[in-house]
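This is the structure I have questions about; it appears just below.
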Amino acid sequence: MTVDLAMELCGVRFATPVLSASGTFGYGLETAAVLDPADLGGVVTKGISPLPRKGNPPPRICETAAGMLNSIGLENPGVEWFADEKMPPLRAAGATVVANFFGDDPDEYVSCAAALDKIDGVAALELNISCPNVAHGGMQYGTDPRLAGRLVSACRAVTTKPLWAKLTPNVTDIVAVARACVEAGADALSLINTLSGIGINVRTRRPRLGNLFGGLSGPAIKPVALRMVHQVYAAGLGVPLVGIGGITTGEDALEFILAGASLVQVGTATFSEPTAMLRITDELRQWCRELGAERVGDLVGTLKV
Amino acid sequence: MTVDLAMELCGVRFATPVLSASGTFGYGLETAAVLDPADLGGVVTKGISPLPRKGNPPPRICETAAGMLNSIGLENPGVEWFADEKMPPLRAAGATVVANFFGDDPDEYVSCAAALDKIDGVAALELNISCPNVAHGGMQYGTDPRLAGRLVSACRAVTTKPLWAKLTPNVTDIVAVARACVEAGADALSLINTLSGIGINVRTRRPRLGNLFGGLSGPAIKPVALRMVHQVYAAGLGVPLVGIGGITTGEDALEFILAGASLVQVGTATFSEPTAMLRITDELRQWCRELGAERVGDLVGTLKV
Amino acid sequence: MSTTNVAFVSAQVLANEDLGADCRLLRLAVEPELDTSAVRPGQFVMVRGPWAHHPMLPRPFSVLDTADGQLEILVKVVGRGTTLIAGLHRGASVTVLGPLGRPFPPPTPGVRDLLAGGGAGIPPLYLHALRAPAGSAVELLYGGRSAADLVLVDRFAAARLSWHCCTEDGSAGSKGRVTDLLEAQLDFPGDQRVLACGPTPMLKAVASLCEARGVACWISLETEMACGIGICRGCSVAHPEGGWRCTCTDGPVFEAGEVVL
Amino acid sequence: MSTTNVAFVSAQVLANEDLGADCRLLRLAVEPELDTSAVRPGQFVMVRGPWAHHPMLPRPFSVLDTADGQLEILVKVVGRGTTLIAGLHRGASVTVLGPLGRPFPPPTPGVRDLLAGGGAGIPPLYLHALRAPAGSAVELLYGGRSAADLVLVDRFAAARLSWHCCTEDGSAGSKGRVTDLLEAQLDFPGDQRVLACGPTPMLKAVASLCEARGVACWISLETEMACGIGICRGCSVAHPEGGWRCTCTDGPVFEAGEVVL
């Protein structure tokens, strides 16, 4: 049985539902020696800001049980550099590119969205209102439905490309934030970003991260991510969902799809296994066969509750 | 070097800072063959309600990466049975008992607190406003600072025993809930309870738990728990904290203590290793020696940020 | 539950034998604190290997046999935990908690015990047969999909047990399911009981056969478990009159009418 | 970074030798996709064993030596990951990503290379010395707390390298630290460079010695790493003029002035 893994989301075709997650795959070509980005559903870029950003002091990562904390702090060389240096090879490689972006304040968000809107080959924009690692431009927009909605509206006004909003799990009511984003014009919702966490080196009595707070990712967070995808899907907001959080196998990806995700993103797993996304795609295809699904799209949201 | 592990909290002396977490050690005597409850800092009981509760349909547990989901649903035979059947042997065993309790509505909470107040040998009450597994009597009280405060006030009025409030991590702002509880009269705060999560059996396309939603516990959640203990400690609310979440080693316990916890509770680790609490206590003593601390109390909140 | 003879000990893998059909036989040397002579057929142990937090929980296994200071378990590989346990080398360390749970009722003089089991459900029945006092009437009925699934037949023969087997494809014994074997045996005129262990659909079929014939029936259940000792309440099964039973402490052996399958 | 010759392959443990001082030497058979002849001294590989999610991340190790289709690494046990990797049996499977990072500059005719290393910091220096073309002037300076820490001296001897060692307790070589050895050697009249690898305090001391003498100095850094290939930005070290360098792709070998230690 051949299985059709392609998905269309807001007019954009993804060859498979398995994309790289922002910040865990660079700008898509760093691993070209082991993985052709055109074989992925798409490449979600490292977060892009209008101006270059330095990021947080080291140490920036530490491992935890079945997960890791990172406090990279959205280090990136800015949108212009992205357009000039990174997009030409990505276009040449035939990758489907989703540009993840953020700003220090609403104006920066808007100017970044406007700049990305003009870049040829950027298939969609992923608005990061959820990074727990930076004082500004980060999580506070994602935890307050009103602020989140305003930010989405403002960016919506400057781009005709599909606009995805990426949500933070560090909230009491994920559905309220999701609804605000959709009402403000988000075309899709990506969930989840990392859980806020810390680690302590008991010998030095200091935080294990230079920035103290970091974002928890990896298999550890999968049950929480899956719960949020299910809750938002069940709320019937009418937009497709992109599931993220701890995916390391095709079975994990399928769990998200059954819970309601149309696409998934793979983050931390790429660090353990640079070719993880290809294996996950193969395993997902195999699962579709086992479940008798000719199109992966037929499985979206088919969890029996 | 001898190390003094004893801690005093609201007038109650705990021989060590390592207690069992509610719901993961029964009523303290089920494992008497392998562990003497008098060797623990204390025994926090399974959640007690005024009337018996049936709990949720099976399956009630499933394992996740470095963690587990449970949806026990606070099954328990009620406070009267607890007083008659469980307290006499616990008293005889010399255990320091903290009674974890809840109710379906505020009246039930209050009647349970009043009943526990009268039980000889109950050293303190732990008010569970944080269980994600039950429709009522659970998490909604813990996610709304006003409701949480009112519940604490109401229980405060009917007991002179130390009243601990146990908080849920499923909130945007843990400090707001913590502050409301302290202002309403909580003597100490226990944090955290489980993170809300789900799991899906892809073969059957059904939830892995009979109740769909469950609570995530175990090493996976430690970074989140530690972050919340730190945040609440840093807020300087003036009450001692009890750290809970993914503790499996003395080093883990010490991380919580450095972050600001005066006591810790061990939950899921007991399932993998019934005697884990004793090992953790030994390891903690060893760490105190290595850090040159004569009293474990000297280490509380000494994280250098 | 009487937990008085329960011990939590570290153990060494003495042998790990491939039985085919994804099954391995592990022999464990347990510390003297675990009194192997106290183990009753139908009881189980919780076993955990030396890995870090994934899997985190121990796994329940019925005791297949005991010798002085040693325990044998049969491990059928079905998921991550059993893969790791089945892959332990000689010399590896594990922890063992046990013996746990309610055993099968011991043989009763004058009553024949029919033991119906399949695949990984055979260990407690084997031990029951092995430990039956001389002169007890005990028949083992052992079913599988094909001959390769009947991983313990050599042991049955070596122990001179009385047994019958069947396979779905007819490659060993009679062709059919273990319930067919059982049905044929139930025509026996004297007093008898059925003790069964295996997948839930099989247990259901066995229980309804026994009910129809008015024969007492005991079944050994499998559920996911976290603690194995009654403290997590994660292993609940429904009681016909409402409420729950704990598989780990009220069971794993139940009389058929005690639980809703 | 040029990643063109980077491969991600599965590998087999061919040998695991105890070197003492908590160090083990692992020989790995890598698939032909990883071209071992392309490995340059100072480069590293990311290694992960067959365990589930804890630890999840691979661990970086310098390449100690290569042979056709084989890689050697020296593993010093310092935490959970190195404990598991050091404990892998012959035949175990691991994954290997590499070769990674910027190597040491190759020997230059007429310039003497002084290689200063200690403990687990010796592998890349050993390989540099081993690969130096005949006639190059290369001196290995090897320090440890005591004789047992100098786990590679037999190899040095077997390869007829030119080396000096020292120990803090005087149990082998001269008594003192590797920086003492280095200081003595820096009086050499001709052109020379220093290549160093070891704990950060040692690298600092080496770098300031070289600065004082006006001798070029290259150091190999160790930081925690998630990806090893420049995509996580987790391995940043500060550049003296602001901004960061990635240890995995800009390094691990840096000229001393390129990074703030």
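Some observations on this one:
Labels A, B, C and D are assigned to the chains in the order they are written; within every chain, residues are numbered from 1.
Everything that follows uses one rule, which is that a residue touches a chain if its C-beta (ideal position, glycine included) is under 8 Å from a C-beta of that chain, and two chains touch if they have at least 3 such contacts.
Owing to the predicted nature of the structure, the values given are computational and were not obtained by experimental measurement.
Touching chain B and chain C at once are the following chains: A, D. Note on chain placement: the centre of chain C and the centre of chain D lie 53 Å apart, centres being C-alpha means.
Here the CA centre of chain A is 47 Å from the CA centre of chain C. In whole angstrom, the spacing between the mean C-alpha positions of chain A and chain B is 34. Along chain B, residues 65-67, 218-220 each make contact with two or more other chains. Residue positions of chain D touching 2 or more other chains: 52-55.
Viewed as a contact network, the protein chains are fully connected, with every chain touching every other.
By the touch rule above, chain B contacts chain D in their complex via residues 65-66, 219.
The touching residues of chain C, when paired with chain D in their complex, are 51-55, 80, 89. Interface residues of chain B facing chain A in the complex, by the touch rule stated above, are 64-67, 69, 143, 170-173, 195-200, 202-207, 212-214, 216, 218-224, 226-227, 230, 246, 251, 254-255, 258-259, 287, 290-291, 302-305. Interface residues of chain D, counted against chain A in their complex, comprise 1, 3-8, 48, 52-58, 95, 97, 223-227, 229-238, 242-244. Chain B makes touch with chain C in their complex at residues 23-26, 30-34, 46, 54-55, 57-63, 65-68, 70, 72, 75, 218-220, 248, 268, 270-275.
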